[in-house]
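For reference, the structures are reproduced in the following blocks.
Common to both upcoming complexes is subunit A, partnered first by subunit B, then by subunit C.
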Partner chain A sequence: MDNTLLDIRNLKTYFFTEEGSVKAVDEVSLKINKGEVLGLVGESGCGKSTLSFSILRLIRDPGRIVGGEVWFDGVDLLGLSESEMRKVRGGDIAMIFQNPMSSLNPVFTVGSQIAEAIELHQDAKKSEIVKKIVEILSKVGIPNPTERMDDYPHEYSGGMAQRAVIAMALSCNPKLLIADEPTTNLDVTIQAQILELMKALRKDFGASILLIGHDLGVISELSDRIAVMYAGKLVESSDLEGIFQKPMHPYTQALLESIPRLDVKTERLRIIPGTVPRLIKPPPGCRFHPRCEHAMKICSEQEPQLTEVDKGHTVACYLYTANNKSNRSR
Partner chain B sequence: MAKRSTVRSGEETEEVYEPSKATQLYVVWRKLKASNVAVFGAAIVLAVSVVALLAPLIAPYGPNDMYITEPLHPPFSEVWLGTDDWGRDIFSLLILGARTSLYVGIGSVLLEAAIGLAVGMISGYFGGLIDEVLMRIADAVLTLPTLMLMIIAVSMFEMRGINVIILVGGLLGWPLLARVVRSEFLTLKQSTFVEAARSMGAGNWRIILRHIVPNSMASIIVLLTMDLPWYIFYEASLTFLGFGDPTAASWGVLMEHGRRFLNSQGWWIAAFPGLAILITSLGFNLLGDGLRDALDVTTRAR
Partner chain C sequence: MSETMLEINNLTKYFPIYGGVLLRQVAAIHAVDGVSFDIKRGETLGLVGESGCGKTTLSRVALRLIEPTAGAVRYLGRDLFKLSNQEMRKLRLEMAMIFQDPYACLNPRMTLADIVGEPLTIHGLARGEERKRRIVELVKKVGLAPFHMYRYPHEFSGGQKQRIGIARALASNPKFLVADEPVSSLDVSVRAQILNLLEDLQEEFGFTYLYISHDLSTVKHMCDRVAVMYVGKLVELAPTKEIFANPQHPYTEALISAIPIPGRRASEKRIILKGTVPTPIDPPPGCRFNPRCAFSQPVCAKEEPEFIETRKGHFVACHLRK
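Now for the complex of A and B:
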């Protein structure tokens, strides 16, 4: 039986601005299995959020999905009508955002917002909804849920608000949870709590998670597999082991070296020189080559394709593809 | 917690969800009560409304009861607010005029709200070409001189009635509201909670009505309550200039009538209706301010 839940094939999402088209997501292919947590890592502006919005088809003007397929549980989401898509949003795929405080509507109580999410996707009596809200709020660790559900978002702390947002996302038992930097705006201690919570919930709900972030350290806490994105392209993907023990793409290696570690003594953390290229006019060939210390001639001429180098470990870099030896010798 | 205790104490789980709306209203009411200024405004509005509704019952004399005293009887004597040159009771005329003024004010504001909200919502939410077109129309309407068009309309249709004033007022008054609503929509539709609602599967109407409108209520209410007195002014100005219905009982008619006596011994004929307009508009403004604060969930009732 096929175990794939989400299968993104050659997805292209461009933003058509006056200066030109911004290729925020450019031919990205990605798979998430049932029950799996995939960590999507990359610098800000590399297209990871655009990718997640593309899955739910929430790209706003001037952005547009211009190509590719998004297969979810055997259905191509890009082929669904808007009303069918609305059933998927929040029902099969739920999303949580970076800033919990602003993801809640300030003028309604937390309880009524969770109720809204439930009402959108399920037929339930009011009393059942209330029971469900209380149950789910206590599951995400809100103390006194019967009392706190009638509070307004501003009466919650940041960590509690994120718990409430997670509760809302899980209220309809989604098959896939997209978490876009869920801990970025929280204190470090709260960050750890939320990660713990997500770990626990993962067992409880059995949903697949697409965990998006820029911090490899945080992402690796939860993920089974890691995919690394750079400038709208997927550059490497592997299981946790592969990424941490044998990072292949120079960008991944640089990312890893820029994480502070306790077990290795270093004077200074690695800094990747340069900045993410503007996606209106990305560099030709491999998009990382201007910042790459291993760049070769071919890197600026041809685009490397994602190739499976080890089992389950794919990378888009000429250092590892077959024809690079001939290039090197030249 | 206070907001729960009175409403919910005895009731069961069935009620726990339901009251979140009932209690919301209750909280608004409590906050409104807690603000002296708002209570003052509400009291004025309520008083004027009751007077307007029950005018014929309250007024001691009818609009055509002449020579109840000698002409131009001064106020603060046995006749409260004095009489005009025909010996009519100013106090009675004020009471009867409240109906007209309030009718014009509320009628125009309702029309303004209907057009302004619709235009602002469509413009702000959908944007693009339709926004461009609607906003240019709003700009054009904004340049039209309201009072002059009212004069023209009143003269043209020969129905010196106040309905013409309401119609012209509402049809010309919406652009500012539309702009405010539009800008609220423009900001709010980008907000994360709207994005989040969309990601939960909410459609356009749900997002507009449940997520954007409630968050823009404060500015809408303030604007409308500030506009309402303007329509009362328009009606008064129009009749003051002699374009109203001289037979109708209205504060403007009374002021126009008293204009001739301002330099002689009859200042009270024009002064009291002027004061009535002032107090009424003050009442609406204060109530609007209080409502805005009461609707803000981030402030707590004491």
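Now for the complex of A and C:
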């Protein structure tokens, strides 16, 4: 219990549009332990980014967090004032986004942007700040940091810019780092460099990481535990081995079989019929049931709850809830 | 094997860069630099490489959508660059392209029927009822329904849009298709649908594909042979099985080892390349990979390695593999 860093309980984030409310994150509960890397996977529009923005309370109109709690290090973030929240953002919780160029301001030097982050959260003299910037830039592998800190973002390549963003995120020694598709825009060889860097930094800084992505390969590289999201709901979570060797939820199973793999020869890729449902009017019951080959009567009537089926392996599916086995006919 | 569909010989494309007060040419981007290979009828050739390596330019020049700086492309024996515009236009019927971004390649003001029917009209292939019948047939072929025909692109999902792009490509009964990153903008579960569709169509119509991608996992799944490109040059070409089991070029090896495998924690064996891809404006002398190569010899920085067959069907451009 003491080991928990982030504890999200029944979080609900809805977007209120003219067409109706979009339940982007619907009663999601999630825990991240200290020093743990949690991989959050799901397809686009499943709510994984909304979930991460909700943690930092960065949801903008017409979106709103309508329910739940976000406990971080013993404090409910949803209960903080805006000015208190501002101290948390970039301080105890830092975030890295998908496109490094868009998270850097093009008209300021990289160094001055890192300095801004440090000034906001720490009491430091100017000379100390410069020393710190150089130190952190060299830690993320930027060559000649003393000179490169005076460069503008456009003078950096994509991989370098992502390194700079990581440096900025780590400059205030965060306890939690949220990385939203940190390598999606990068070439594979550069992606390998960034993953290697994140692995090394994890050892150095000991921060917990919430790693968000759709590439199961990238997620596997770093994660201790993996949570799978589908249409605003958490459907399964387990350690790496549990998800890949013994996937339980039919969505997770189908997802794993639908990707071409370098290590396994597949003749024919599995197809998940249909498309991801619109979240304005999600299907009743289990949101995956219209696309599920094991769907039973109960699946369209009641919503399955996340249940611990195996040690540390939770899944929201009626196939694994024993007393519903009688319903399996259809 | 079977007959050669496309023979690319020493193909080169430089894009000039103008500068200075008089706007004289000051430099050139060496996008494609002396590339030679051929594509056999009915096969899927994968062209892989990182962004900016020239794979898209290569495909455009190969279809003569851009004029080359030097070199030749023979399509079923005919030199494309010697054809007149009219002859080229006729030949274009047999070639089609599927693009990466299905959002950008469909005109938002045209309905599905207009989009798929446009090639029929332009090439004068079908009119009136016949045209309509053909559109319905194409729409069904790619897994869409006839009731979709009067909808606009924004009413479709990403995967459906890519299906429309494929239907349009099929309209002129092509033989040779270039698929430029056809699934990289799609979600994983939709990717599988499109890849399977491409395979089914190939089986049914005997298409020849040039499949361009940076994603080695899909390339391994789709392709018979794989060509690897680095800064405008082909560095390796081999049958898929061979190249993944036995990569000969250090760049290919690094590229393959860089792919994270689902369900596997980081392996220690991974080769991490230093630095970044050099700019094609001023590529390094000798082997273009030498500044990043762990096995670089003095000769690598001086002489450009030849692209030679080291084993049957396995070509590589590396001084270490002579």
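We adopt the following convention: the second predicted complex is superposed on the first by the 325 of 330 C-alpha atoms of A that agree within 3 Å, B and C clash if a C-alpha of one lies under 4 Å from a C-alpha of the other, contacts with A are read in each partner's own complex, and residues count from 1 in each chain.
Here is the rule we use: contacts are C-beta pairs under 8 Å (C-beta built on N, C-alpha and C of every residue); 3 or more make two chains touch, one makes a residue touch a chain.
Not measured: the values here are computed from a predicted model.
S.K.: Mind checking subunit B and subunit C on superposed subunit A, clash or fit?
M.R.: fit
S.K.: Measure off the angle at the C-alpha centre of subunit A toward the C-alpha centres of subunit B and subunit C in the combined model, and quote it in steps of 10°.
M.R.: About 80 degrees between subunit B and subunit C, seen from subunit A.
S.K.: Of the partners subunit B and subunit C, which touch A:117 in the superposed model: first, second, both, neither?
M.R.: A:117 contacts subunit B only, not subunit C.
S.K.: Touching A:190, do we find subunit B (first), subunit C (second), both, or neither?
M.R.: second
S.K.: Should A:104 be classified as contacting the first partner (subunit B), the second (subunit C), both, or neither?
M.R.: first
S.K.: Tell me the contact category for A:243 with respect to subunit B and subunit C: first, second, both or neither.
M.R.: Second partner only.
S.K.: Quick check for you: in the superposed arrangement, does A:150 touch first (subunit B), second (subunit C), both or neither?
M.R.: In the superposed model, A:150 contacts subunit B only, not subunit C.
S.K.: With both complexes placed on chain A, how many Å separate the closest C-alpha atoms of subunit B and subunit C?
M.R.: Here the least C-alpha separation of subunit B and subunit C stands at 11 Å.
S.K.: Residue by residue on subunit A, keep only those touching subunit B in one complex and subunit C in the other, then list them.
M.R.: none
S.K.: So in the complex, the part of subunit B that touches subunit A is made up of which residues?
M.R.: Touch residues, subunit B against subunit A: 1, 3-4, 13-14, 16-18, 20-21, 23, 127-128, 191-193, 195-203, 206, 210-211, 214-215, 297-298.
S.K.: Over in the complex, which subunit A residues touch subunit B? Could you list them?
M.R.: Going by the criterion above, the answer is residues 56, 58, 61, 83, 86-91, 94-95, 97-99, 102-109, 111-112, 115-117, 120-121, 126-127, 129-131, 133, 146-147, 149-150, 152, 154, 165, 168-169.
S.K.: Which positions of subunit C touch subunit A when the two form their complex?
M.R.: Those residues of subunit C that touch subunit A are 50-51, 157, 159, 187-193, 195-196, 214, 216-218, 220-222, 244, 254-266, 270, 272-273, 276-277.
S.K.: State the interface residues of subunit A toward subunit C in the complex, per the touch definition above.
M.R.: Contact set of subunit A toward subunit C: 43-44, 157, 159-160, 187-193, 195-196, 199, 214-222, 240-241, 243-245, 254-256, 258-263, 266, 268-272, 275-276.
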